[in-house]
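When the chains are written out, they are named A, B, C and D in that same order, and each has its own residue count from 1.
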Amino acid sequence: MPGPDKLEQARACELREFPLPELEVDSALLRVELSEVCGTDVHLRDGRLTGVPYPIIPGHVSVGTLERIRGTICDVNGRPFAEGDRVTFLDVHLTCHSCWYCLVAKASTRCPKRKVYGITYGIADGLTGGWAEYIYLKPGVRCIGMDGIASDLYMAGGCSLPTSLHAVERADVQFGDTVLVLGSGPVGLSAIAFSMLRGAGRVLCIGAPDERLTYACRMGADDVFNFTEHTLTVRSDWVLQRTDGRGADVTIECTGSPAAVTEAMRFTRDGGRVVVVGQYTDHGVTSFNPHLDLNRKHLDIRGCWGSDYSHFHRAVDMLRNPRAAALWSTLKLERYALTKVNEALAAVESGRTIKALVVPTR
Amino acid sequence: MPGPDKLEQARACELREFPLPELEVDSALLRVELSEVCGTDVHLRDGRLTGVPYPIIPGHVSVGTLERIRGTICDVNGRPFAEGDRVTFLDVHLTCHSCWYCLVAKASTRCPKRKVYGITYGIADGLTGGWAEYIYLKPGVRCIGMDGIASDLYMAGGCSLPTSLHAVERADVQFGDTVLVLGSGPVGLSAIAFSMLRGAGRVLCIGAPDERLTYACRMGADDVFNFTEHTLTVRSDWVLQRTDGRGADVTIECTGSPAAVTEAMRFTRDGGRVVVVGQYTDHGVTSFNPHLDLNRKHLDIRGCWGSDYSHFHRAVDMLRNPRAAALWSTLKLERYALTKVNEALAAVESGRTIKALVVPTR
Amino acid sequence: MPGPDKLEQARACELREFPLPELEVDSALLRVELSEVCGTDVHLRDGRLTGVPYPIIPGHVSVGTLERIRGTICDVNGRPFAEGDRVTFLDVHLTCHSCWYCLVAKASTRCPKRKVYGITYGIADGLTGGWAEYIYLKPGVRCIGMDGIASDLYMAGGCSLPTSLHAVERADVQFGDTVLVLGSGPVGLSAIAFSMLRGAGRVLCIGAPDERLTYACRMGADDVFNFTEHTLTVRSDWVLQRTDGRGADVTIECTGSPAAVTEAMRFTRDGGRVVVVGQYTDHGVTSFNPHLDLNRKHLDIRGCWGSDYSHFHRAVDMLRNPRAAALWSTLKLERYALTKVNEALAAVESGRTIKALVVPTR
Amino acid sequence: MPGPDKLEQARACELREFPLPELEVDSALLRVELSEVCGTDVHLRDGRLTGVPYPIIPGHVSVGTLERIRGTICDVNGRPFAEGDRVTFLDVHLTCHSCWYCLVAKASTRCPKRKVYGITYGIADGLTGGWAEYIYLKPGVRCIGMDGIASDLYMAGGCSLPTSLHAVERADVQFGDTVLVLGSGPVGLSAIAFSMLRGAGRVLCIGAPDERLTYACRMGADDVFNFTEHTLTVRSDWVLQRTDGRGADVTIECTGSPAAVTEAMRFTRDGGRVVVVGQYTDHGVTSFNPHLDLNRKHLDIRGCWGSDYSHFHRAVDMLRNPRAAALWSTLKLERYALTKVNEALAAVESGRTIKALVVPTR
């Protein structure tokens, strides 16, 4: 994927050949089975993220087979992986565990040393993206064994799994709560499922288009609303009618639209919680009334950035649970060969695909 | 205090005589020793709050002597008060302990049944404000004995005690944290003191005018900055220079200015907490960038509305501690007779007084 | 139910007739549809609880129809109930919302004023138990409408619903956690279900007899173990083998045996949480090693006493969710007429019944 | 310090000479200014800890000057240290940040890879203890600059600083709480100070001997009691009389006696918190009644093991605050040359010294 400084017609991925890397000690070569195309990849194509060392190989969350291991790579239980094992890996690398954010604030997703495969690692760093036949797993990359979990099932969630699990953790859902999810893209869909699995009494979703809302219901939403067909007032009434006039206990914003953050405050009951996880790129400002929307409501608003190893690990553990697995297995997957990733990007951008996977070996 | 629909020259308090009430069972008559004039009283005078049943007797937090008791009034330990006891009381009355907010959300400060002495009780409800010789403590009003605490000391904090204690509770201050307080009015000054008492390593304050900042230092601020003399950029740099370039761990907004809420987000480090307690009336909107100011920062923003009994009780308990008492005893008090409350309101509005008290018996 | 000072052959319930009460303002008469027999009722029969004003009418959690209302009884949303409505009610009455425990500690289950229908209310207080054709709902009793929830389904959980929901709240279950439930009585079975609904990755249960363990699996347990057939060492190994040698993340003790509390500490991983909810009567002491079992393990041990309104309300809300309802609908119910309650008590004591209900109209 | 398998008369430290180490890349040589003798050192001498690779050089928390640096050593803000800088360091080394405890449970004090200077590092690992002229700071050891903090002041707290700060963090002290500290050794004394600094309304201490209790008062205790002079019943009454008959809100056990853990449960109010931080070695068992002491009390009991970097960092930050520094500066220090450490151990064991420091250069 070239950088955004290219002419518009060049803002497309191109296929390139690279030599396989020389493995460092305690590194490995992963033969990619499945990678994915997510909303961030569209933003990457359009140059909307800062700090990206173009050209890059996109694809941050992937699953594959350990083709070659030099030295030893262990899981968190200290068990060494063997060549041939099927794994995923934490796309975040180099969290330093030495800085103030890591050690004092214990906010490792804000560690300034972090590098992310497929996003802030580029071609200059080697085979560091999933839209490729092989990924080079540098020393220190943390792998998770996929025993008992089909690759399809895991990639149906893909990067939305740790992102939305983290968001639902931050949402502090209580038994019986009404959770409102804004947005019906992959993060929104997974947030619906995790909210159900967390003990919500009811999950509402406002999103679009209708096909995605159908999937929202399969993922556990009790009621859905197409925001493109209704004014803000009508949407607000729709929420209030389903919450005894109070608003949702928890609202999880997964839209990408700044205005949705203000709407999330207004759709939430006094003393409730708003988690903002849909603002991964800069789409501009929004305005709100601090008295009416925040202070008098005694509201909690929580930004949610990135994931750490625990979110991947817990997401994988959840998929080992048949009740959870059943939810993600309902999602429709579209597969694209490496030669078709530009079409995959277009499909994701349009919102007409539920989940686009990249199949390098196709 | 008349309502805001009067002509401007009439927007002033006038002295009136009322008969003493017939006491209901388990009620009492409080002879007021001290009441106070706070920023909310200025807003009340100007009609900036909704739901106020003008005309009212202002004065919500007060201290006095139980002149007459009919039936029994007990403290929370079940000990009955005697006539002659010196007490303060929770200005919030009628919290229902029966509604969804009280019983399910456990957010009793959002109970819709609440009435507040001096604010949402008016003359039609009886002697329900502190700017008077007597207050009628209706059945169910919760009194707190003031044994061992000088009335002056308690009223030096006044209503800012429970408000700022609640805000600092919500701020989740950790040992060694740098807390930034925006605003140097009574709530800001008490927030400085409570932050110190909570284990902050350092407290910074941005406020005005200089005299109040002098008091901020006496209340425990390590460093202060006059916002009227510096641009936003200079203020931001001032914070970053004192926080290793990261911003404050915790920012407590106590200003009344909507723009300060956005500034609070920007002055706070990634993964930090912002408590908004300065927006008790509607001063309009502010704008922010959800990506830069919230989501990427992994920020927590917490509105903080009202107080419940625990905040009063804990504040009084703190003043029994000499280390805490020493802080509030530094504040300069100005006393006004009942005939001078309009001057007191003007003094508070101007910001040139630190703390204005009303002395009915003067 | 007579008191324990009777001769042993008299330790049996006897049927008595009482006049219907004169209704006070804002009270009601409930025609009982279903009540239940729980472990506490066996302890009540045997005089193992303190503060019981024998003779009493047992039966604390019940469901029925509002036969007569005098004045107004509202739900927490302020909607008045009508005669003919089917409801359950919070068995705890008179929580004072005025004492230090209620207002400062916010630990209302420790309010000393509480009275519990069927336990600490006796015949002298009127028709205050569920093993009767009618219950007198005194002023202040909080009812919950049962629209959309079958009485059978609700009573399949009965008093174990709020008790175990509270315990699982206290357990702070994280996504993917392994939860170990000790005990397979009604509280244990409901704790299994709520742990699953809370996001546990896996639930293990050690209990007995085998039939109950079969139901444990239906309620969501992934693996079960009959403690009567294995030594402590074998049980411990069983847990360690299923938890990578670490122990459970969370153990919820629901047994009634003091020794199980110490075992719970040992079956739990370092840094994990133990919730003790099975010690509602005094069965004596247990011993443990504070260094090995607590301090070095960095363990959290949490007693869990009683329920408040929120636990009932949230439990009922959960049953409105079909996924949750499906779990409790698997439990086998045995119904007993009022004339057969002594047999019901014997069945519960033996552990051979899963859930014994009392049907007054049978 | 030899191991416990020596004859009793040999259970004494002996002075030995070692060559200075060859520095690895990114390591340093620290010239020790002050180290300390703590209760754990007495247990080490007596062989009461497991996993100690005797012979060892005791002394875990120390302060000194960076005499020689090879490569680069940075603080958590990324600022490199220079030779000549005065520092302390986290005595825990090799926390792996790769295992399940580090990454999933986020309970790094239970990381099995940890090695502690002066305790689980021995002579075979090099100069790894503070009772020496030099300490070898291996690559990865985390140093903290001591600018603005006198070495005396820091070592007056020594290892009790992070230990008790961690305990008070776990205690969840609320404004105005009554905190009871059991034990008046260094950890108890620091726990008193940190409880005050955290917002306790009052701190009580039960300990011995009287001289230590005098220091307890200087550290912030409002009232003290010598347990050696009173029966358990009298001690219990003493606590209840100071807490409206309820018990302490928080009890922090810092004694080393198993029975004190049970007493801590009984001295604490219903719904309160007990932190157990005094059971660092195995002194045997204690018994309690799970119904009366735990379940019915709705109690939280929290083991507290070890410290991580944040506890050291926050403790140092607190000492930069003059209010905090004033507390620790009241403690009486006794200084011992390297040739006198056996006398220092005897003094600590007897309880007659408040704080014993080792001065290698004396």
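What we mean here is this: a contact is a pair of C-beta atoms (placed from the backbone, for glycine too) under 8 Å apart; a residue touches a chain by one contact, two chains touch by 3 or more.
Keep in mind that what you see is a predicted model, and the values were worked out from it rather than measured.
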Those chains which touch chain D and also touch chain A: B, C
Of A-C and A-B, pair with higher C-beta contact tally: A-B
Chain A-chain B separation of Cα centroids, rounded to whole Å: 42
Chain A and chain C, separation of their C-alpha mean positions in angstrom: 40
Chain A residues counted as touching two or more neighbouring chains: 77, 100, 244, 313-314
Of chain D, residues touching chain B in the complex: 77, 165, 168-169, 174-176, 194, 196-199, 201-202, 244, 313-318, 320-321, 323
Contact footprint of chain A on chain D as seen in their complex: 74, 76-78, 97-100, 103-104, 106, 142, 308-310, 313-314
Partner chain B, residues of chain A touching it in the complex: 100-101, 105, 107, 109-110, 244, 246, 249, 258, 261, 269-271, 276-292, 294-306
